[in-house]
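Presented below are the structures under discussion, each in the form of structure tokens.
The following pair of complexes shares a single chain, subunit A, combined with subunit B in the former and subunit C in the latter.
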Partner chain A sequence: MNTSDIGLWGVPLAILGGAVRVSTPFLYVSLGEVLTERSGRINLGLEGTLVFGAMAAYAVAFHSGSAWAGVAAAALCGAGFGLLHGLICSLPRVNDIAIGIALMLLGTGLAFFYGTPYVQPVAPHLPAIPFGNWSNVPQVQAALRVNVLFIAGIALALLMAWALRATRIGLMLRVVGDSTDAARAMGLRPNRIRALATAAGGAFAGVGGAYLSLFYPGSWSEGISSGQGLMAVALVIFARWSPINCFWAALLFGGAGALGPALQSVGITQGYYLFYAAPYVLTLGVLIATSSPTQATAGAPGELSITK
Partner chain B sequence: MADQAVVMAPRARGRDWRAPLARRAEGIVIPIGASAVGLAFFGLILLAMGKSPVEFYQLVFKAGFGTAFSWQNTLSRATPLLFAGLCVALPARLGLVVIGGEGAICLGGTAAAALGVALGHAPSVIGLPLMAAAGALAGAVWIGAVGALRHWRGVNETISSLLMAYIGIALMNQLVEGPLRDPASLNKPSTAPLPPALRVGDIPGMDVHWGLIVALVACVLCWVLMERTTIGFAARIAGDNVRAAQVQGLPVGRLILGFTALGGAFAGIAGFFEVTAVQGAANASLAAGYGYTGILIAFLARQNPLAVIPVALLLAGFEASSGLVQRHMDLPDATILVLKAVVFVVILVSDTLYGRFRIFTPSRWSQP
Partner chain C sequence: MIVGEEPLPQSGALEVATLGMTMRFGAFTALDDVSIRVPAGTFHALLGENGAGKSTLVKCMMGFYHASAGQMMVAGREVQVPDPRAAHAMGLGMVYQHFTLVPSLTAAENLVISRKDAPAVIDWRRERAGLEAFMARMPFRVPLDQKVAALAAGEKQKLEILKQLYLGRRFLILDEPTSVLTPDEADEVLGHVRALCAAGEITVLMITHKFREVTAFADDVSVLRRGRLVGQGRVVDLTHADMAAMMMGEARLPQPAARSGAPGAPVLRIEGARAHDRSGLKDIAIDALEVRAGEIVGIAGISGNGQMELMEMLTGQRPLTEGSVRVKGQPYRATRAEARRLNIRYLPEEPLKNACASRMSVAENIAFRSFDASGGRTRFWLAPGAMRQRAEELIAAFKVRTASIDAPISALSGGNVQRAVLARELTGTVDLLIISNPCFGLDFTAVSEIRARIMAARNAGAAVLLMSEDLDEILELADRVLVMSEGRITYEVAAANADVATIGHHMGGHA
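Right after this comes the complex of A and B.
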């Protein structure tokens, strides 16, 4: 079968494949942000964590020859950034939103600073599972080459949904996020729990970065992230702080991100930059639709500064 | 008598002349101290790489502020930073963290360039003010929309402004590579070059364009607006406590809309000067990161428009020296970016120190 035979059918197929490919970093960053925000803090710095994670993963994978060592390094660096955010925000009178912006700049700055030598070399990639081998259409095969991290991300979302609902740790996290006073009355230490939740969230975002540099697009460059980390924060509001909804929202955003390249692949190049902006417009539209000036958003943790 | 004692109490304590200065000194000493700590932290990063921090800072000083030539270089870079700092500082006094100045700079520049090309051979006296107004309007609409969304829809302004920045940059790229593109610009898609009459010239005797004077005047006027008018007073009340402002009947919505639009207008004018005085046309060079540096400037200046001036000059000096220092010491391009981020983090951490030092509390200086 010839590649051009499926014609315009290539567009929805490329969007589907692209949605799976592009959504993985969204999924990890938004799951990390759900964990952080459920504890009552907001970490806007995950964009920087994502970029630094991408750089660290690529560098470690290049030197060690193992892509999984790269993923572990990215998670570790992400946890470091998260812990830094969590500890700084434990100080009185420090603004968590502003700290997030500063750490966003610090993460990207450090990634560019240490990442210059890794722009050229080629690091090993993460493995993908070819679910499309039953078909002999190359586009179908390409669309269904699913990365292991995507499947692990689905598992993580299910695990988080269960843990938040049914475990002791999940309950502690929710109490701290909904009322600092209630948490103190229960004998919990809100600042410590928030710092740990932010660190774990940072680790997830780091893994999302590893996916960027080790699978798709699959190389390290300074333009590797185009605000995915920030859009994921907005996506969490859209997903109403539910890990399962995060998965669907990530797929939707991934599809929007794949729109431009998919149209380009069938020869539609008019308005490339406008299609490129589609995920941002979608994020903004979703924010406008889901925010309310008079009441806190349904499902929002009570201590979250962003919805107060 | 008990009554008398109450009345007499304040006078009897007799305030030292240093008492009113203590609070103001706190807002100067802590940011300067925090910046010094940030610079020291960055020195440690350099040491870890085996580079000399002393050499680094000496080179930055020499290349940014050491000679008359380096001062001109610094001043010529200060204009967009001053405007970008105002774009963050003005809404911040209302408690809004708006970080999307980059998009307003790009669209302001594009609007000014498009109008300039359309005006053709209009004289400077008519053309330039119209172009400046177009740039300011584009920026005001862009950031004002963020304020409107915040007030009427409750959309978080930090996230929406950054999204608007991405959208604004994409819109500029689309316009510059599409309908507004000059066919002659092959390697770097640009709008058609502006006629000489519609270019902003240099201040006589200097290699610095007029934008600097306009930016400095804008900073002073903004300080007057914030500190010496009822509008600024109302804005500061709304920034400290929205509920209190609403109870007082202050027009919070109009204040938010007005100050975000004003900040955006300044960012748009930054784009206007970049196009008419530096680039001569609108192109992707407008997205040079001025908007993001503006965030750091506003926080370093503690949202005070007058303090924006020295801070913006300092950062302009850092940027002017960055190319030379990085080449000379064989450091990566992102060195100055890391330096800025480290200082930014330390400055924000220093917020926790306010009110902790007794030397800065007015009562410390009141005699018993």
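Right after this comes the complex of A and C.
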């Protein structure tokens, strides 16, 4: 019996593997955006941060020979972009959405400009843990090769959920995000807290970018993100601003994204392009199903410009 | 602080006084040479109409404003209050008219994060134990695990007061603290505040409009009018008439219109209506409710017992899962066309939020019912000239005080927004008027005027459904009193036979 031919079982397996592989950048960007939005601002520039992070990580990893140095560089660049967004938005009468779009274009533009020399060279990859070695089916092994950053992302989601509930910093962040007046009455400085939250959110998005260029797909090119940063921002609303939900949403998104390639791999060629749209159809479906005309969007931070 | 000066006493009630406090905004003097002394452990009431300078005075005391002249004395010593933080550090606290709680945080989270020494990592088990112990000493409690956004106004107000006590404040300014509470709740809360005063724990300065509360709870009273201190004294030496005379000067209160005419045919009829409440967990169930032409049906109840949902069911904001709402025998789904055809008008609570477009002008807001009507037809092009003229007439007729009819309606004071909305809703034929808390937070000239308008609408033959958390208001206006508790109508009585104690018991759910 040919062990590599597992027939239609390949589809759910490929979806699972795809979910784990594709979801990581979604997870990091959406966690970063949760942090920013919980403080009361929207940073749409994370798409640019993601692409620039991918380029920076690849370049630094190539020159230093260490993938982890690349991740650190991406986080640092992301924090820089986030801080820039946070500081500009602290000025009076500046709109966070407009600044976000400007920074998105700036980030991708700078990444393309500095990234041209790195399209050819090969940089070291991030390590993965082969959880599938117990099996001798190559598809199972491939699906269960889980990257370290994915596991770190799960830990980060849990940590954030705990911190928002049970630390002073977490509560302060929520106070600032929900009511500027109440925050001022408490003696907090909303602009400062928001700038820091946006910087931290940017760092997360940078790490997401590092995953793209250093693991999957694992090389630097201009089309590396194809809008994943923007989708991750939408994912935050979908996840109702909860870090744990972000994880499930990212996984769902990753799995749906893997549907097209998985069907293609088992020989279904007709209309599989339609399945590439699965994540978006899924998002629409879930948003409609969970919406309610009589109850307010649960969990939306009160100071967010889109919910005001 | 001067070197060698003794520190302020560390516990117990504080004596606080103002000396010649004056506040000028440009050429306008909001506060003119006001001296008030509140001895430690006393309960002092501050009376005055809206705009009399009460808020300005307390804002100067709390450090929000820097007084143009005058001094603050705390515990007999002159102090500087550069900002609210400094006031808090001395043990001065304030419960505001608008809420300062964070809506998406639970009550417990709000209390803990408001503490100066909130720990970096919060051990919720320990904090919960501490909060429970604190709550056990209080005469009233609020659900600790509910998000503040899900609490009713009355519960929020209680939590605001609890928060100040939790933070260990020793001089408390209360800005109309009972405007959202039932008489029982108000008595309970103020009774406890008074007991804390008597025990020497806190000193209280309360801004209020209610003479009853002044007489029942305060030791001393100061009266402001147009920024000046016009009267002061021991409460035991003053009658309500004395206080009213000080507050009003020569102005006279409009008397409520006398009741006239008998109820006619049923106008509004709700049968077996069911809907989900705000949390989506419980049901609102109105089995039978009828309002007839020429009568006011008052729905009393503690806030958060389904009145808000009932209002939303009637305004079409909340779908019914079962049952029906009928107006004049026809099914009613609250569309604009139906409301216009059946002459139904609304005055929801917080009208600036629920019945106005706050950034549009007063004239435009007043035209909301009629801007697209031309005779019996709808019009495409607006008639700005007619709109403005109408707005001018209504503003004059309803005494709306505004700088201009082109000013955004959000620039008006609460009473004037209320008057502007009433002007819009009470013009033309009104067959059914649905009102919720029409006098929340208004001074009593505005209150009696608005009540007179409602009574006049009833006398003209309108069916009026009045939901109010103020039982006095219901007893003054209603022909029939209904009590709502836990989403149901639990009691009904003709106003003539109404007994406050019985109604109170039903409001509390102990029937």
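The working rule: the second predicted complex is superposed on the first by the 288 of 308 C-alpha atoms of A that agree within 3 Å, B and C clash if a C-alpha of one lies under 4 Å from a C-alpha of the other, contacts with A are read in each partner's own complex, and residues count from 1 in each chain.
The rule is simple: a residue touches a chain if its C-beta (ideal position, glycine included) is under 8 Å from a C-beta of that chain, and two chains touch if they have at least 3 such contacts.
As the structure is a computational prediction, the values presented were derived from the model and not from experiment.
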Inset, instruction - Could you look at A:Pro121 and tell me whether it touches subunit B, subunit C, both or neither (first, second, both, neither)? - result: neither
Legend entry - Partner chain in contact with A:Ile97 - subunit B first, subunit C second, else both or neither: first
Legend entry - subunit B versus subunit C as contact partner of A:Ser179, first or second or both or neither: second
Legend entry - Contact breadth on subunit A, by residue count: subunit C or subunit B: B
Inset, instruction - In the overlay, answer first, second, both or neither for which of subunit B and subunit C A:Gly65 touches. - result: neither
Inset, instruction - Go through the superposed model and pick first if A:Phe112 touches only subunit B, second if only subunit C, both, or neither. - result: first
Inset, instruction - Find the residues of subunit A that appear in the contact set with subunit B and again in the contact set with subunit C. - result: 292-294
Legend entry - Residues of subunit C defined as touching subunit A within the complex: 84-85, 100-105, 109, 112-114, 118-124, 149, 276, 278, 280, 312, 317-319
Legend entry - Touching residues (chain side subunit B, partner subunit A) in the complex: 97, 99, 149, 151-156, 158-160, 162-164, 166-167, 170-171, 173-174, 177-178, 292, 295-296, 299, 332-335, 337-338, 340-342, 344-345, 348-349, 351-352, 354
Legend entry - Residue numbers on subunit A that touch subunit B, as the complex places them: 44, 88, 91-95, 97-99, 101-103, 105-106, 108-110, 112-114, 116, 226-227, 230-231, 233-234, 237, 271-274, 276-277, 280-281, 283-284, 287-288, 291-294, 306
Inset, instruction - Provide the residue numbers of subunit A that touch subunit C in the complex, in ascending order. - result: 165-169, 171-172, 174-175, 177-179, 181-183, 185-187, 292-296, 299, 301-302
